[in-house]
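Several structures are given next for inspection.
There are two complexes below, and they share subunit A, which is joined by subunit B in the first and by subunit C in the second.
Take a look at the complex of A and B:
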């Protein structure tokens, strides 16, 4: 009963926030989080799809307007709006590609792989291929036996110790959207932070990872 | 890959912060008639002469540049409000006063493009500069309290541009403290000598990259490997130079 009413409350709030925020706003949030987070976040497939459609629609409108010789001012205003949306979308995709290039070996052998879009997965595969081939030809093939792995220092290494990984221990600036409540910062539980709405904190990324993914907190 | 990776991946440029600020809503009074605009970022207008309406800052500045409107400066940008904020800011050394998240960028854009719409602009400008100075001083004194015990820093009401400016320093300071405080950093007497590859004691000894790894005692083979490691991990090492160095190292190792 209680959980039922709570659920209803959430959907109502969700609908409200959906009505209030445009896709540009959502894309901006995704872009900001992606830029500020050390690791790659889930690809916002639906959001990107919707933004693409809107951009295309506006492109057609602009073309139509300039075809029938409308007011120059209106055309240039629409064009500016279009450019802003395009910039956001491009920058979002580009930040992700940079992260993929940097951590491709790590991403391809962990759960992070599922966060990539289909195209990004293809890109990562090709990129890894080329990198491996290049390093193989220019260096690794000339090294003595035992040192030829791209993933390991030498054959005696127990784990892959040559794979660049994102540093999750780093600190990030974050802003809470609503009240998150008391929140445990480390595993031992002696550090607790009470996050109220609109608070700004510098916290360790690892400890707020879940909140970022759940959308309760924004990185700035 | 090595050439393109950006070591400051997560840091916003000042222009990007300004880009974010340009979406804040502003009130304008148009002097022309124009139909409603149905944009990706929302619907605005229709515009009628002398009737105030709300638009994003970038739109307001564009219209202003073309002489199509006047911008109504936001309420907080009055001499009276800012004087209050400055006083409160000076009185409470541990808190920041609530100002819009993008107050630095908004005021800057309005000073640049709508100076004739702001009453007492010189006063407003110097008040905002004073407020910025007081706030930065607070951040700086706050930095002194960061220590190894710091797991979180609270900076309620700090604005976007201020965050962007102090970010590199705060993050690096906290990271350094965190790293040196973690148990892995406390040296274990028996483990220190053994985590080098077993061949480390043979062959000529020389050091390639002292900053990359502490206590790097290396022979020729490992030297080659170190360079590869650098080439993969350190953005500062240029790829082409490293490749040559590797080949040279390889020659030395085999002779």
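Take a look at the complex of A and C:
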């Protein structure tokens, strides 16, 4: 009994560490992070590329199997796997697009711009043009001179004070994969949290931003 | 009171159900725009008065100066309200592209201003060109899949449709078991509903 459970434990561990590095699992992680983060994260170009290739492979497998009249159950299992992978991919891209739609002006004038894929940048450009035109003709062009900027409240504003920005100090749930150790939450060093592996934390996104970008911590 | 109409405009947004569009309030909108321009006229005449009195605009702190500031701030506030109104409506309009599809039903279209209708079309085109560049339709698969097949009931005579490699005759009230991805487009158009026993 004892040896049996030990053996099962090891294989489970092995399977788990193996499972954590598959592309589906990586995509799931990227998707979860993207969904939970208030701002847009870096586009996982290689991962998306690989996932699309695998999806295509799965599609071919399903086609082949249904062509030579294999077991329906097996086909539907493959199909389910395929559907799940497709959903993840679509949802990942969708969440990003929705963030771009929401914060297009903010993204296009900050460093965040480099986190977009080439296609996303094109989309964001178009989005911004369309939005500008829309606001221009319905509001801005009808306002007095000096108040017509889309970025500034009036000509006397020194910086762009009309651009919607994501709320970075919102709280997020996060889990650290490895032990990060004592981590400073604010600039003054008053708040220090000891991040232990696999423990769940609720922290301000702003303070753990770097860890999320570096892949040391996952949002859930 | 200055800025009252503009706040009404924003309140209209706040009180409507989230994700639901109310009819574009053209009258109120135009009134606020008009108010803005009146503020500007007042503001300019006050500024001129300060100059005519031979005072420096930057440093003078008399009644005229504070009058001008009040008009300036009211104008800015009105602008923010107008922009918030348009911006939030634009957000809902964009979400309609995901929920309803590229063509809006008549009853929703009536609620849009001319510029908003144009905005919807243009935005929809931008999204479509992104998806065609990717060669992936992102508007299907909106909910996590459970079973690859679902049972649907057809709500309208659709006729013979080619689904994958087989054709199905989708007559009104008939029940079919379809691939979820195939069925979703019909469901979002209101031609089918999920059939739950």
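Methods note: the second predicted complex is superposed on the first by the 200 of 220 C-alpha atoms of A that agree within 3 Å, B and C clash if a C-alpha of one lies under 4 Å from a C-alpha of the other, contacts with A are read in each partner's own complex, and residues count from 1 in each chain.
To be clear about the criterion, contacts are C-beta pairs under 8 Å (C-beta built on N, C-alpha and C of every residue); 3 or more make two chains touch, one makes a residue touch a chain.
Since we're looking at a predicted model, the values are computed, not measured.
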{"item": "Subunit B versus subunit C as contact partner of A:54, first or second or both or neither", "value": "first"}
{"item": "First, second, both or neither for A:170, with subunit B first and subunit C second", "value": "first"}
{"item": "Dominant toucher of subunit A (residue count), subunit B or subunit C", "value": "B"}
{"item": "First (subunit B), second (subunit C), both or neither touched by A:79", "value": "second"}
{"item": "Contacts of A:90 with subunit B and subunit C, given as first, second, both or neither", "value": "second"}
{"item": "First (subunit B), second (subunit C), both or neither touched by A:197", "value": "neither"}
{"item": "Contacts of A:137 with subunit B and subunit C, given as first, second, both or neither", "value": "second"}
{"item": "Which of subunit B and subunit C A:126 touches, first, second, both or neither", "value": "second"}
{"item": "Partner chain in contact with A:28 - subunit B first, subunit C second, else both or neither", "value": "first"}
{"item": "Which superposed partner A:162 touches (first subunit B, second subunit C, both, neither)", "value": "both"}
{"item": "Doubly contacted residues of subunit A, that is, touched by subunit B and again by subunit C", "value": "76, 80, 84, 87, 101-102, 127, 131, 135, 138-139, 142-144, 147, 153-154, 156, 162, 164"}
{"item": "Residue ranges of subunit B in contact with subunit A within the complex", "value": "1, 4-6, 9-10, 12, 19-20, 22-23, 34-35, 37, 39-42, 58-59, 62, 66, 68, 151-158, 160, 163, 167, 170-171, 174-175, 178-179, 197-198, 221, 224-225, 228-229, 232-233, 243, 246-247, 250"}
{"item": "Footprint of subunit A on subunit C - complex, ascending", "value": "33, 36-37, 39-40, 72, 75-76, 79-80, 82-83, 86-87, 90-91, 94, 98, 113, 115-116, 118-119, 122-123, 126-127, 129-130, 133-134, 136, 138, 140-141, 144-145, 147-149, 180-181"}
{"item": "Interface residues, subunit A side, partner subunit C - complex", "value": "52, 76, 79-80, 83-84, 86-87, 89-91, 93-94, 97, 101-102, 119-120, 122-123, 126-127, 130-131, 133-135, 137-139, 142-144, 147, 153-154, 156, 162, 164"}
{"item": "Contact footprint of subunit B on subunit A as seen in their complex", "value": "22-25, 28, 32, 35-38, 51, 54-55, 58, 71, 73-74, 76-78, 80-82, 84-85, 87, 95, 98-99, 101-102, 127, 131, 135, 138-139, 142-144, 147, 153-154, 156, 162, 164, 169-173, 185-186, 191, 193, 198-204, 220"}
